[in-house]
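In the two assemblies presented below, chain A is common to both, partnered first by chain B and then by chain C.
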Partner chain A sequence: MGKGWCLFFLFWPVAAVVSCAMAPMVGWSFPYDNAQAASNLGIRIDGLFYLILLVTAVVFVGTQAVLVYALWRGSNNRDERATYTHGNHKLELIWSIIPGVILLFLALYQMNLWADFRIKKYFPEAAVKAPIAEVTARQFEWRFRYPAIGKKLQPKPQADDLYSVNELHVPFGKPVMIQLRSEDVQHSFFLPALRIKQDALPGLQIPVWFEANKEGVYDLVCAELCGWGHYKMKAHVIVESEADYQNYLKNLTQQQFYDGLGKIAANENDSESEATEK
Partner chain B sequence: MRFGLSRLSLLLLFPLFSLTGCEQPQVNFVFSEKTNELVPEAAKPVKEALVRQFGNPFELTQFEGLPTDFGDVEGSVKTVQSSSGDEKLIRFQVEGLQDAYPKLLGLPLEWTSGKGQGQISRIKEYNYETGTIAVDKTADIEPQPGDTFLVECTRLQFGRDLYNRHCMHCHGMSGEGTGPTSRYLNPPPRDFRQGIYKYTSTKPTAKAQNADLERTVKEGIAGTYMPSFKLLTEDEVSAIVNYVVWLSIRGETEKKIVDELFFDYSKEVVAERTSEDGGESREDVMEELKEYMELDFPDTLEFATSSVAEAWEEANMEDAVVVPETPRVPDTPESRERGRKLYLGDKTKCATCHGLQGRGNGTATQDFWTNPATNEKYPNRGLHDIWGNQLPPRDLHRGIYRGGRRPIDVYRRMYSGIKGTPMPAFGGPLSDEELWDLVNYVMSLPYSSK
Partner chain C sequence: MSVVHPSPTGLQPILKPQAHHAPGNFFTKYIFSTDHKIIAIQFLFTTLLMLIVGGALALAVRWQLAFPWESMPIVGPWLFSAEAGQISPEFYTMLFTMHATVMIFLVIIPILAGTFGNLLIPLMIGADDMAFPKLNMLSYWFIWPAIICFGMSFAYAGGPAAGWTAYPVLADLAQAAPGSGTAQTLWLLGVTFVGFSSMMGSINYMTTIINMRAPGMTFFRLPLTIWGLFITAILQAFALPVLTAGGFMQVTDRLLGTCFFYPSGLIINNADPTIGGGQPLLWQHLFWFYSHPAVYIMLLPVMGMISDMLSCMVRKPIFGYRPMIFSMSAIASLGFIVWGHHMFTSGMNPAVGMAFMVATMMIALPSAVKTFNWTATVWGGKVEFNTVTLNCIGFLSMFVVGGLSGIFMAAIPVDVYFHDTYFIVAHFHYVLFGATLFGVFAGIQFWFPKMFGRMMNEKLGKTHFLLTFIGANGTFFPMHFLGMQGMPRRYADPYLHGYLEHLLPMNQFMTISAILMGSAQILLFINIFYSMFFGPKAGRNPWNATTLEWTAPSPPPHGNFDEPPIIFHGPNEYAVHNGDKDFLLQTEKECEPPKPSDSETENNTDNDQETSS
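Let's look at the complex of A and B:
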């Protein structure tokens, strides 16, 4: 007994530091590129995460080092006896105030980010003015309602609204906002690549904004255990150029008002296309 | 200790699983209730014939002439790995299976050339990456480079695996609509075994097109528990639909042959025939049944399978699709008004079911209706579908369109009706213009102020 324990407690801070350092290399870090979020807000959230990771790492490694030192000294020095004290007021103050200060610092430091993310007053104005779509979570799929081209999204469905399921298209290069709803139970709108997560609650319409910093197809998953088919609740968010996006809407309009005559432009991404029906 | 822990823990887990509801789904194709109501002497050959024609979930078979893709793939031997004398398997590398479904394990492999021609080996090992297959070593089979073979059923098996992963939970192992989750769902999942699907692009009496079913899988059905499977690939969706159609054909074939037998050989009828009033002896009836089985049953079976297969084939022809002759009549207030008059008029009687305001509360919902299958009155008021579920007429103000919300979808609902439900087909009685007026009226309802 003694030296073994020293090694045991020494092992953990070393293992923690090594695994954190190696995580991005072996793909255990953040989703997508292992480090880089696909939105600027996401990059700021990652920054906050790394800051907290650093603070906790320093504290963890520091306390472990003290522990190992104490064990090491104890196991080498059989003559020195431990003494009982009734506590140390100064010490108590120090280890209460330092964490308190750290927590207060983090609380103040993240306020701007939180406001930008969640408080509608600080949302990008353009996105708030023209929500791109209404997103309805439902067991077990995502349904989307876009306003007709050139019109604004209304709270209530309109005759010329456009609909799709499990495939949300958004334009690239500008912040976009959606109105999130749930049709049945509680779901959660989760875009891991963009670090966006917002619960969808029945009866509420919750605005969520995001801006991808590169084009691409991103996973949209449900982050709330919403029933047995929860794992099936997957969709794609397709971030594309403004021109492609307008094209998509045009295509969707054509398909949505298709009267069964003539051909409509087939859109590769869209199964609504009647082209398969020959 | 050797006996102990693992078995003990299994024993302990058993009640845990049963308590927590981790129930095992049915792992066999089930036979219909009607089949089980036949006297055992009649039920047995029916069941045997079905197993012969369609196999079981682990070993699917398909008879010739079915419109589903069984999925044969051809391959040839590239190299044979020399094996030591006492090995039980022959391993060889193959070419030509690159596009096949990766799980060939357990499937039969038929040799089409070489020494083993005509022999069937079962695939004991299959490595998709290296293209290595292993089969049992027998005296007749000695593969040489260049020998060709055929592996059957890859497509159907691919569809089965996907179906079991994504669909079986609700629709059941045999497509009977009673999977483990089904009892919590309303409307209940479709029973495929009648071969009837509600939302199709085809004419009133035709079956569904593969494209219709693919669309349903990809888009889901709004307002029901059928979700969208849009993230599956086109190939996966078509494999699922291929398998669903195959399950339908299996169920329909069973229904057809049982319907033939039911009037003479159900348990109830046989009991009646051999009762004092019936006056026949059980031996007589069984003798008659035996004769029927020998003489007529093969034809019945043949006819049932071929007619079902044919119907599915026809549905996929181009001329089965409902295509309007007139483009959509412009959606003007006048058109809507004409549509409203039609809606309320005697020619369509829409209001009887859907109500004067289109709220789905017409007078028909207050009547007791007769079940066309049994000629008995339903115990509940209101309309029913052929699967026996109570079926409220749609509230047209909700803006939820189960069969799709495009004008063409709504047109087709009116032209062909909704199959398996009391919603009739107006394709004959109404002209194209009238149908479009009606579409315009109905589609305006969710946005009207009333």
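Let's look at the complex of A and C:
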């Protein structure tokens, strides 16, 4: 029966490796077009992922093979006694130093990526200068505040700001930045297609930048438990050409200021229906 | 009868066995017992009961993910007749919150420290009981107020609905969610009670291990199980007060409006709750400062136990005894400076994130060293595939998966994508279920004869292992793929979102595996209760093991040993030539000189020095 168990323990790592290798083909990998991220930064993140996958796969296959082989030999062992040994200093050093070097390499290798991703000093300058919108998460919807056409986003709401709910439009092919905040509890701005995630913390304004490289409609979800309706914070990010984007803003302006007088935007109106629903 | 031997540590061992006093009546013997072995058994049955509760909650969670909004079979119509047996999203939040709470605070932590810590510490170091037997009893009885608080929160107050991490503002303000009212306060109270229980345990364990070792039992002759429990106790003692303080702050926030954890200007349910001035991030720091070390509290004792069991099962000394201790200590100390890896997306200063990232990468190293050492222990051994061996190997293979997925998450840019998705859920289930529970199953089978004087059934044990292992991999491995596809955790209905629609079949497969795994546990319970009464009688040392507990009768009487033991060498002397035996008990002085073919002639009876071959 010992052999049977060895095969049993061999089966699982094989199944794991095969299913991981198959994953991209059968759609078990990252979301969207051939599992390709819709942002350049996202593609770099995927690259890091696959690099680590390679390293861990080698380690995994190696350790499992050795383990199963040792079990196989051990179950064959007809000797009176097992080998008497308390360890081996050299081996101990080897298997501390090699993984240590690999891990240190991985740690240093990703520093640039992280800096570009999150550290404000490294953000694209254009995006930092003109944040495209303020994103406010609340139970259980996303609200977006754009500055009026030709103006800059101000920290405080302005009379001529434009608003939308659960639909964020951004132009593609250029870095954009949003200001993320929460009105009530903690939420998380998660754009799987672009590999972007940032918690929205009550009391803080957190800048997030991204650059979509493809047109499309992408799901925006909430990744931090925010109450019973957490799963239904359903919004879309619509990535379109600069022209379409400008058009959208124009339409929005017209919708909100139809009488052309520029009165204070009635920003609470569109949430009333949501509120009564609760 | 007690000869006082000079203690090698310079400390005077306590050598007055309180043993052999009258057993007292049923009540003092089995209920309010101060005997560490009885307390261990109390912990065992309580935690196994809680395992059933936590498992049932998990199955309910899985039901919803496989058949969203469909009436739960059997219990559904009875539980919520108003909703035609459906799980509501409110109830779903409460389900996974309670599942995690029960599993962590009422199963894994108490079964390790409570059951195995209590059972093994005095027996393995040669003491007659814990240093503070009454405190020990109290540490068991403090589990019950916790269970009552959690139960009341669940059944009467609508259930805590903020996850086991209890992040503010959701958990901090009563208006923020259904179940954020009284239920959440009761939940916090429950956690505090569990905390008291752990704290009493850890003080007891530290004192006992430091002061009550039998003569000759130096620190470097302690079995690795004891090292694991010792380091865990230290972790508890340092980390727990922080959580307790945080918990009190949250309670005062809730009841007195102190606003530690929420800022001003929030609008919740269309009302501005109060003044503010706090920061939700503060809670996250306090919480993870405890809860990150806590994951090692849930792992280190098993690592120690596996070392001893594996070494016995393959009849070889543990490979690299000292490196095993150093790596455990490294894990524990690094464990204190990596809590920030739970907060890479939290809004914490991203530059600080880098420091946490490097520390987290480095913590993978001692874990790797341990894995290599275990594998090397198997190498060249004599393997018999009994239930204990199988569960040890199960531990090893699950731990490798859990450890390797940890590296993805240590890489911050990748973690940002994976954080709060099912990839995380996969990771911690591989570690907590895969590794810890398999270690626990092995431990139950291994030490059962010492606890009850009878052996457990091998056939049942093997079948239980087989089904659990298949079920666990079927349930938890696909979670990696769900995570890669970006499925967030804690979603009552992920299929609402276009990019997740196609995941239903995979979730159904996982649920079926989970049901298989859950049902397999019935075998474990049958095995335990059947063997307790009808299993074959075990002698003192059924496994031919070397550590001290096997020199005592099975089960040991109150006071443990026939006479205070004296220790001559390290804990895992297998593969030696000791007459017709291949092992040397820690209390045995010497054995036949080994054949010249063995390289380490001079070190045969002393593994205080690291030897190389």
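Here, the second predicted complex is superposed on the first by the 251 of 278 C-alpha atoms of A that agree within 3 Å, B and C clash if a C-alpha of one lies under 4 Å from a C-alpha of the other, contacts with A are read in each partner's own complex, and residues count from 1 in each chain.
In this text, contacts are C-beta pairs under 8 Å (C-beta built on N, C-alpha and C of every residue); 3 or more make two chains touch, one makes a residue touch a chain.
Treat the numbers as computed from the prediction; the structure is a model and nothing was measured.
Undergrad: Applying the touch criterion given at the start, work out whether A:232 contacts chain B, chain C, both or neither, answering first, second, both or neither.
TA: Once the two structures are laid over each other on A, A:232 reaches both partners.
Undergrad: So, does A:158 touch the first partner chain B, the second partner chain C, both, or neither?
TA: The answer is first: A:158 touches chain B but not chain C.
Undergrad: With the two complexes superposed on chain A, say which partner A:63 touches: chain B (first), chain C (second), both, or neither.
TA: After superposition on chain A, A:63 lies in contact with chain C alone.
Undergrad: Check whether chain B or chain C contacts more residues of chain A in the superposed model.
TA: C
Undergrad: Figure out whether A:125 sits in contact with chain B (first) or chain C (second), or with both, or with neither.
TA: neither
Undergrad: I'd like to check the shared interface: which positions of chain A are touched by both chain B and chain C across the two complexes?
TA: 138-139, 228-229, 232, 234, 278
Undergrad: Under the stated contact criterion, what part of chain C meets chain A in this complex?
TA: By the definition above, chain C touches chain A via 88-90, 92-93, 161-163, 167-170, 173, 176-178, 262-270, 276, 278-281, 314-323, 345-347, 350-351, 353-354, 357-358, 361-362, 364-365, 368-369, 371-373, 375-376, 378-385, 390, 393, 396-397, 400-401, 404-405, 407-408, 410-414, 416-417, 419-421, 466, 469, 473, 477, 480-481, 484-486, 488, 490-494, 496-499, 502, 506, 574-577, 582, 594, 598-600, 603-604, 607, 610-613.
Undergrad: Quick one: in the complex, what on chain A touches chain B?
TA: 138-141, 143, 157-159, 163, 165-167, 228-229, 232-236, 255-261, 271-272, 274, 276-278
Undergrad: Would you pull the chain B residues touching chain A in the complex into a rising list?
TA: 166, 169, 181, 201, 209, 211, 214-215, 218-220, 222, 225, 227-228, 230-231, 318, 321-324, 327-328, 399, 405-408, 411-412, 436, 443-444, 446-447
Undergrad: Enumerate the contact residues on chain A facing chain C in the complex.
TA: Where chain A meets chain C, its residues are 1-2, 5, 8-9, 12-13, 15-16, 19-20, 23, 27-32, 44-45, 48-49, 52-53, 55-56, 59-60, 63-64, 66-67, 70-71, 73-75, 77, 79-92, 95-96, 99-100, 103-104, 106-107, 110-111, 113-114, 117-119, 138-139, 183-186, 188, 190, 192-193, 195-199, 201-204, 206, 219, 221-232, 234, 275, 278.
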